[in-house]
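Below you'll find the structure I mean.
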Amino acid sequence: MLRKFCLALAVATSAFAISASAWADFTVLVPSSSEGDGLRAAADDYSKMKGTKVEIVQAPYANVFEQGANAGATKSGVFDIILMDDPWIPFFAENGHLEDLTPYFKNAGMEGPDNDFLSKSLAICRNPYNTGPYVCLPYVGNAQMFFYDAAKYKEAGVEAPKTWDDVLKASKTLTENGGGRYFGYVFRGGQGNPVVADFMPIFWSYGANMFNEDRTKVTIDTPEGAAAMKTFIALRDVSPKGIESYNANEVGTALAAGTAASSINWPNWVATFEDPSQSKMVGKISYSPIPAGTKPGSSEIGHWTMGIMAASKNKQEAFDFMIWATSPEQIKISASRGNPPVRASVFTDADLTKQEQFRHYPVLMEAIQASTPRPRHPKWPEIENAFGIELSKAVAGTITPEEALKNAQAAVEQITGLK
Amino acid sequence: MLKYKGELAKSLQPGGSLEHWTERHLRYLMLAPTVLILLVLTIFPSVYMFYAAVHRISPNPDLPWEFVGTGNFVRLISDPQFHVAVRNTAVFTIVAVALEFVLGLGLALLLDRYIRRLSFLKTVLMIPMMLPPIAVAITWKIIYEPQFGVLNEIMFQLGLPVQAWAGDVNLAMFSIIVADVWQWTPFIFLLMLAGLASLPVEPYEAAALDGASSWRQFWDLTLPFLKPVIAIALLLRVMDALRLFDLVFILTGGGPADRTKVLSLYIYQVAYRFADPGYAAAISLFVLFVTIVLSTWFMKRMRLAE
Amino acid sequence: MATIRTRSRGREMLLRLSAYLTILVALILTLFPVYWIAANSFKFDIDIFAVPPEWLPRNPTLKHYDEAFIQRPFLRYALNSFLVAAGTTAISVTFGTMAGYALARFSYPWQWRKQISFWILSTRMMPPIVSIIPLYLFFNYFDMLNTKSALIIAYTAFNLPFATWMMKSYFQDLPVELEEAAIVDGDTRWGAFLHVALPLARPGLAATAIFCLIISWNEFLLSLVITLTEQSQTLPIGIAGRVTQYKTYWGEISAAGFMACVPIVIFAFIVQKHLVRGLSLGAVKG
């Protein structure tokens, strides 16, 4: 018996030898979703072309942030480039984890990124927002869109929804006629990131904002906030039971399976809706920018951006790769691999827009141009968590919407130290 | 002195003496690797945890750690999220382990006589334990899905009201418990079967002659005989229940309305989302303290340390 | 349980029937979710969410197996998981058996035996989430991030206490006389352990090994932080990676999850004879 164990031990030790890793010229941390797959494919092309070895580290979405934060806080140069979800940028930038790109642009004889990039896409890459130096470059352009089943909406007497009142009107009729098996609206109610992500666009379209202009006051518990909350709760009443645990996936599935008529979601779902092996609604889902409240609708921006880690030892190589990967040709290839672009020239490229799977590009570009970023604050993850708890309670009905706003105001004030 | 030196010299010679030395110190030599490995692997994390717990640690590597003394522990007292997490963890641990125990023991008692020889069946009943917890969590998510899930389909067919399960404020914790009970009842069931299989026969024959009822036999004989195995099973389960993470992380993310936020999830959020490892260490110390106190008390009661 | 001889035939029949019925219900409840993973892994995405549910895949497909094991490196993840689980189990069982034997058989000065036993168990009580940061620093310092050896070392910290306790209670149940006889016959103390106690402990070894194997094969949290690329990433990380920000790839997850339990189930069936006996002796005494 012991001999067998020694044998197993030998097998295991030989594993040590295999795992001695050959580190590459530089390393990129990406999520294991379509953005990561896209950048991985680009890195393969780059390696073949330049003979540079690029190592791609793929982590589950929820863990890219902590991998980056761990590496940043310990000054471990294990990653050179990190592909970030845009709300993380203030955290990484203000804690000294990201390299200021200004000198690299100067060395390359450039002012900064060219103006073919959408202005909203560039604004999030600067810290402070839109005014500070560049700390990253946009790679995948996402912003929420409003998805709806036009035929069903027509049935309910709404031709093309322009405002949240239209959405409510149609959804109410559809849910009432649905007999508990079909619903007019569905949203992400899961505590934390999901519920916040689906509340913010409504919040903004009623003119509300989390902070005032210069980030000196918290402005959640305001008349605008209350109006947004009223619509949000009205939408909950026409949504299916159980949205309290929904995330983007459940919402998308409900539309693809044809059990709900409308929702806010990310553009990645377009491809799924048009794939007959994944959707019963091929060709039946329409897209539009976010409906208006009392103000024009604004969707939440959700870009993936590339930044250089301050502890990196291969910064110039990393910068060269980033410039290459965000060039118009590469962004077009990235778009053809299924990741929305960040450049106007690619959004309007006829090669792409004539294809069925990219027919949402004009709407998406419009949505990005009208988008709002999540509040730029280094403590955003903590703020999002606190806000998410109160929203989840309001959706679940354990507290009143008014209490939710009041509590959220107090919680965010406490986290940010703004009174 | 001389004698000692001589002995040492002798023991270095080839042959018998080294063996003699090994033989004499066998009790330490056999224990040493385990103790050394565990020392090396736990001493650094423990020291780090105690050190971090009295500091405020900025995610910015260029800022020094700020000594805050008992500050992080004082924060525990007034942190409502921590209180919610403690309550939820307590509810989960008590209900889940109790259910697993009652079901596991009940099944074992009922089935001991009938499937003792069917070891094949026992292995089949162990399968839930062998699945990756993350796959289990995702599977239950599909089962609980309010619109498409199998569970609601069954409710619908039976004419019962459909539920939101993991999405319902009042059922979310229950849903988590059911998934955990599904995965871990087999563990208790098997330990109980094992315990039952080695019970002595004579006391039961004597009791039967005295005309004791099945219930009395269970209460007076089976339970006391099973005490050690019950103790170790409960101890292991409670220790694992206190660190529940995967199921909550996947199924509910702590919601709705904070009803399923457990301590592990909160520690994870504080340490990684809010980048506050000092406070996370303080919460962890609290968990460690409670675990040690509970298990010491429990082992004393069960006289397990013998 | 106890047999009451005077029980009537009819009652006996009824009991037997209800016992079999309970087995049946338990089996259905146990196996249904497993079946559901398997069934979903053979369905197209659209059919996974069919209303009413498809109890049997109507259009079976191997699409998700192709996606997971051919297009994505799940085979590589499985190999990593296997090496890590085998290494951890080998180390934990070998050293845990020795320590367990020592704690069961030898006496120590002062109260060491009791205290060391409890200390070993207490190392398993630390919330794993918080040991992640120090372990990360530790492995980063020794330049061992993203290696399978780092995972084996970390998992050993969790499995060794468990293995020690299982084997300790197992050896305590073995009669000491056989080893004494061997020593009288001229065997050394170590020889008595190796040639007498160890073979008798085979069932206990099987039980301990399978628990260590299950725990390290399925571990998620530590692997998440220590591993970076498919060089060392394990199956649970691969599975978690299919839960993305926008979409959850149910089909691929089901395929990978179902295949993940197959090796363990096979191993369990191979050692099942030892296993049930091992449990029935080992765990009885604390």
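Letters are used for the chains, namely A, B and C, taken in the order the chains are written, and counting of residues starts over at 1 for each.
Here is the rule we use: a contact is a pair of C-beta atoms (placed from the backbone, for glycine too) under 8 Å apart; a residue touches a chain by one contact, two chains touch by 3 or more.
This is a predicted model, so every value here is computed, not measured.
Taken as a graph of touching chains, this assembly is fully connected, with contact between every pair of chains. Two chain pairs, B-C and A-B, are weighed by contacting C-beta pairs, with B-C ahead. Measuring from the averaged C-alpha position of chain A to that of chain B gives a distance of 36 Å. Centre to centre, using the average C-alpha position, chain B and chain C are separated by 13 Å. Each of the following residues of chain B touches two or more other chains: 145, 147-148. Residue numbers of chain C whose C-beta contacts span two or more other chains: 49-51, 133, 137, 240, 243, 248. Within chain A, the positions touching two or more other chains are listed as 66, 74, 181, 253, 257, 259.
Contact residues on chain A toward chain B in their complex (touch as defined above): 65-66, 69, 72-75, 91, 94-97, 180-181, 189-192, 194-195, 240-246, 250, 253-254, 257, 259, 379, 381-382, 385, 388-389, 392-393, 395-399. By the touch criterion stated above, chain B contacts chain C in their complex at residues 19, 22-23, 26-27, 30-31, 33-35, 37-38, 41-42, 44-46, 48-49, 52, 107, 109-115, 119-136, 138-140, 142-143, 145, 147-150, 153, 182, 186, 190-191, 193-198, 204, 207-208, 214, 217-218, 221-222, 228-229, 231-233, 236, 239, 242-243, 245-246, 250, 263-264, 267-268, 271, 277, 280-281, 284, 287-288, 291-292, 295-296, 299, 302-306. Every residue of chain B that touches chain A in the complex is listed here, in rising order: 58-62, 81, 145-148, 162-169, 172, 251-258, 269, 272-275.
Across the interface of their complex, chain A is touched by residues 44-46, 49-51, 63, 83-84, 86-91, 93-94, 133, 136-137, 140, 145-149, 152, 194, 198-199, 202, 205, 224-225, 228-232, 237, 240-248 of chain C. Those residues of chain A that touch chain C in the complex are listed here as 1-2, 5-6, 8-9, 11-13, 15-16, 18-21, 31-34, 55-63, 66-67, 70, 74, 76, 78, 85, 181, 247-249, 252-253, 256-257, 259, 265-266, 268-269, 272, 276-280.
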